[in-house]
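Take this structure first; my questions come after.
Lettered A, B, C, D, E, F, G, H, I and J in written order, each chain numbered from 1.
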């Protein structure tokens, strides 16, 4: 038995598709959506993406990180395999950690027009120091804008223990 | 000595019943309740269900997850063995993670008419990404509706560490 | 040197007493108190009781759990060895998890008349599902009633990871 | 650049194939192999399979476990997606934990004719007790038979901590 | 589909039986076996039993522990629900930790006549000290006797960290 | 280079002093302070003291705990070696856990006159139960009094897992 | 492909520069900034610095700690390699833990003029006691000043477990 | 029901005795034994003692450690409450870590004449360094002497992770 | 002060060199060595490389893993920055996990001619299964060949817990 | 009471001495010994030193690591405060990780002439890779030489999990 019929799955091209071509450059156009079947209820969706990698824009050396994306959908929801391909497109892209975090959020806002979204990136250390940027967004003029402010203010009161091993 | 007499246990059929037949399709009708003996006090009940499995609606491959259900009972309380049989009925059912989470909550609202309920699902990764949907509900027009808003706003400020191993 | 003189220890019978007889039935009468020496200050006392066991009222099978009790004392404070004997008296008692949690809190309210109290029970799984009830109480008409409401609303926003192993 | 050419990948049908049909019955015929490119060197390959599920043969209730498979290849190596499909075929199959463990190893011996293999299954608890069967095999008349004896004798001297949560 | 037919399950009475009566005294007679279907292969079976409780023979106070049982079957294998009932029968039984460990192993040797067996009990602390007895057995005059000696000599070279919290 | 000159270190006698005599009785007079060089800014100082030990006032048996002290300094700050000597003085002192916690806080209030302070003690179990008292204080009539109320109300919403091992 | 062009990287001298000379004295002048490319959005940047070491001003003995720095950038952002060099300059500098924490924050405020910043230092124990100072800052007269007050009030409600091992 | 009769418990004075007087000096005479009821079988008994404290012989400062004692009994077994009192007697005793470890083992050898015994002490750090002495003993001229040699040679190949927090 | 003079560092080009160009294809020629200053003593060197990534040869999707390399040097030792560049060169290279592991070891044998070497790779899951290959080598005809056999036989008796989260 | 008299403590100058001057260069001459009071018994002493830091000989950047030292004393034992001062002397010393490990062991052999010694260093990552050297020594011509060989061969069969965070 299927909870979604063919029509409800119609906008999805990558999931279950054998002939995936992996992008070699930053490729926000890979992102696909499907329709939210529960638009009358606010709910959270979180993606844990511990296999993110990009390049340092000055030295070219690889950076590794875990990206956490949480959002409250409105009409459109990002399909997870297309999200994987999109994140893959940073693999040969050089940018600062702080910039990657902002760019990912901006691309997802443009794609889904969510009520709320936040992105938290946690990178491995370089020179003994690791960097964890976090940004969030609530649709302007709605209660989600206030929610964004509330969550921003409460962010990371308990930093996780880090020992570089 | 027993804390509940025979009458107080009267609506329960599956618990302690040897001849349980496991459902082969999505089966919300399996859910049973017993009566709340402490209706004058608000209290929380949480179920930890780390043995949840369903199928992907597009590829048919199995998905695995942990389902956390927390609610504040009104008159009726879900019996845990019937909950187990209900969750089992997703075993051969195909649906997106985000849809499963909403459906479980809706079925439990219909069953128990609780004051408040929330459902958080944490799935294992596919393609390196894992998905954790969360939804909640407070009875409209009561203080539990405000509680739902408060908890929704405060949800998951500290994402757990995920490394896909 | 002793911080409490003989008089201040006068109501305590079980602590340090060799001839303890363990109760074979549910025995709230075992509970004893001593006097609060810091009544002018609100403070918290928490008991961690990971050795709780009772019986299932329908099947008779043993249940195991950890009971966390936190309270703000007024004049009387529960003595910990008497609390141990009281919790022991559930050993051959059959009751639902949700009922045990409420009963423990009610007995302690009756005993100590605390300003505030809460009880959280975390049981091991049956049928793959574990149950964690939580209840709390603030003295009606005082600020502790509001504190109870606040804590109830904020309860368990971060469910602990459970994997049944 | 590819480390394996088309010929070296020729026996593999499921990996990267969109039209996978998941078996509904125990299906050892799903298992596929590819050729070992390093036959002159003994080396270990381990599969961690934490998403295993089967049914209890007496009660029909679902069982969940993690299967660890380690082997030393000779000429043939099991392809991991076909292994996934094979393990999936236990989903609606009823068998004791101890029997599943032996059957998985036997099917893989028949498939690959490895020099050495071992299978360790760790299940979630039923009735408060969990069961972890382990079996191993070394090709008779070779030094791998002795290795099997050595590893059997040294098995699990340090049981992992289990607390059913 | 079932991996075991009716005959192969014939000696089992408690598993799936609704009318289980829990024993109130030490009851080795509860233990039941089923037949080993893989007698030609040596393999390990481990039971993790974190819900063990007994009484102190001098003070009557409850003791709690985790019992780990590992064995190599010959013809007979202990059925896990009967094992649960047997372990339950220590609930109101008073004995030293060291004695419980030896008694459990002796009862299982008498029942199954295994090739090899070992029992490790890890109790919670009393007076700040916890006790962990371990005993093992290999059938006399066989290689399993040597295995027992080997494992005894290698026992617990890495004591787990214990801090009483 | 030194961040503090001789004058700024003038009130400190124990730190770096070879001839320390350890007190044999409860000795609040050991506590010493140094001057706060950042009085214009509110900031937190936390002491983690996992090596605290005292005696039970009824049985004389030793108790062990971890003491966490957090405060917001005004003009004076407690020097850590003198704090160590002070805590040492409980070594042969008998008092209830709840009393020790209050006494430590009172002595530090008297010493430093801080804007805010809190003390949380976490003891190891006796009879299977452990006790964790917590008290706090904000200078009356200031915003720190409100902060104390806020923190008291929010105290320990997530009890740490305790299993007595 | 690069996310930042040459001009946007122009103020950075140490990153990727082979001829780094490590400062031998406290050297706030090492700190460098780059321009914030997302000035229209508030976002967090956190640095985890577990390799901090300084000297005790009284005894000269080395101290070790982990420094967590979180801030909300305005126009300027601190470059991480220059931050590393700056923190290195404490290596032969003697100061109290509480003073180091304040000084680091003050130097970063002067450098970046951030909207908000906080610094949390967690040191290893001396004499069995460890010290964890925390300070924060919000730009006066803005909402960030209120955010500072909110975060200060909510600081460290859940002290991490410390056992000196 | 009792597993040990009155006679079998006859040599025990401290267990369950209310009037325990805690020794103020090193007191090996506190140690008591009971008879081994399973003399025909070699088995292990381990004591985990995380609440050990003594004094530094040069500075008088308190030391804290965890003592792990494992032995194979012959005729006599040490009773755990008497062991607790014995270890307590180090509370005001000054000795090096390495000496304490040897002394504890020697006293237990004299008491029980065990076949084999080992003592591992793990102390908290002083000056950033912690010390973990280990000694063992097998009865001379028996196979236990060889076992001691084997275990000594294999000792601590995997040092536990230590970070002083 | 320097422990190595200029001559002893003469073969190293990448370490501390700003103008590193990262290779875009599999590049074993990047590997560099320095001379072993302790050739008279056998010792171990281990590299932990948790930032390894390659591509799947059939689907092109990225794989992530941790590579552990341990060796006993003879005359030459691999320099760690050149090792980093070498491992980076797998970034756009497609190969099976089992092949990568063998190739890395072969390249390092060719480079250093070590007495002994082993490589263990632990990858993140695909389709719910993760793969961990391990290979080792001892110089033929020496005692290191026997050591390789010994270590191979003893490999991974305790599989780490894996739950795909 | 003291376990060591004045004479037995006579060779120790740094422990308890206020006027410690910390060395600014590599200073093996700081190491001091005391006499072994248990020369008739072989026993282990382990030092955990997680606060080790040195400099990179090529770039000058600081390195951080944990040093584990284990030895079997003969007549002389290294005093721990002098060991601390010795390890401190690497603070401004530049050397490769592999060299530091060998040098520390050599200095301790020269100092104590132990029967056996081993040193394991675990450093934090640079460029995403961390290095863990290990060396050991048994007195030539004794059984300790064989023990060294045995331990070398068995070294680190279970690499700890490393994730660079």
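In this section, a residue touches a chain if its C-beta (ideal position, glycine included) is under 8 Å from a C-beta of that chain, and two chains touch if they have at least 3 such contacts.
These numbers were taken from a predicted model, which means no experiment stands behind them.
Averaging Cα atoms per chain gives one point for each, and the point farthest from that of chain C is the centre of I. Chain C and chain H carry the same sequence, and matching their CA atoms takes a turn of 180 degrees, rounded to a multiple of 5.
Chain centres here are Cα averages; for chain E and chain G they lie 55 Å apart.
Distance between chain B and chain H, defined via averaged C-alpha coordinates, is recorded as 49 Å. Averaged Cα coordinates give chain D a centre that lies 44 Å from the centre of chain J. Rounded to a whole number, the gap between the C-alpha centres of chain A and chain D is 35 angstrom.
Touching two or more other chains at once are residues 16, 18, 48, 50-51, 59, 61-62, 64, 84, 92, 124-128, 130, 154-158, 160, 162-165 of chain D. On the side of chain A, the complex with chain G involves touching residues 25-26, 56-59, 92-96, 98-103, 125-137, 152-159, 161-164.
Listed in rising order, the residues of chain B touching chain I in the complex are 61-62, 64, 122, 124-128, 130, 162-165. Taken together, the chain F residues at the contact with chain G in this complex read 1-4, 9, 12, 15-16, 34, 37-38, 41-51, 66, 68, 70, 73, 77, 80-81, 83-84, 87, 120, 147, 150-151, 154-156, 158, 160.
Those residues of chain D whose C-beta lies close enough to touch chain B in the complex are 18, 20-22, 48, 50-51, 53, 55, 59-62, 64, 84, 88, 91-92, 124, 165.
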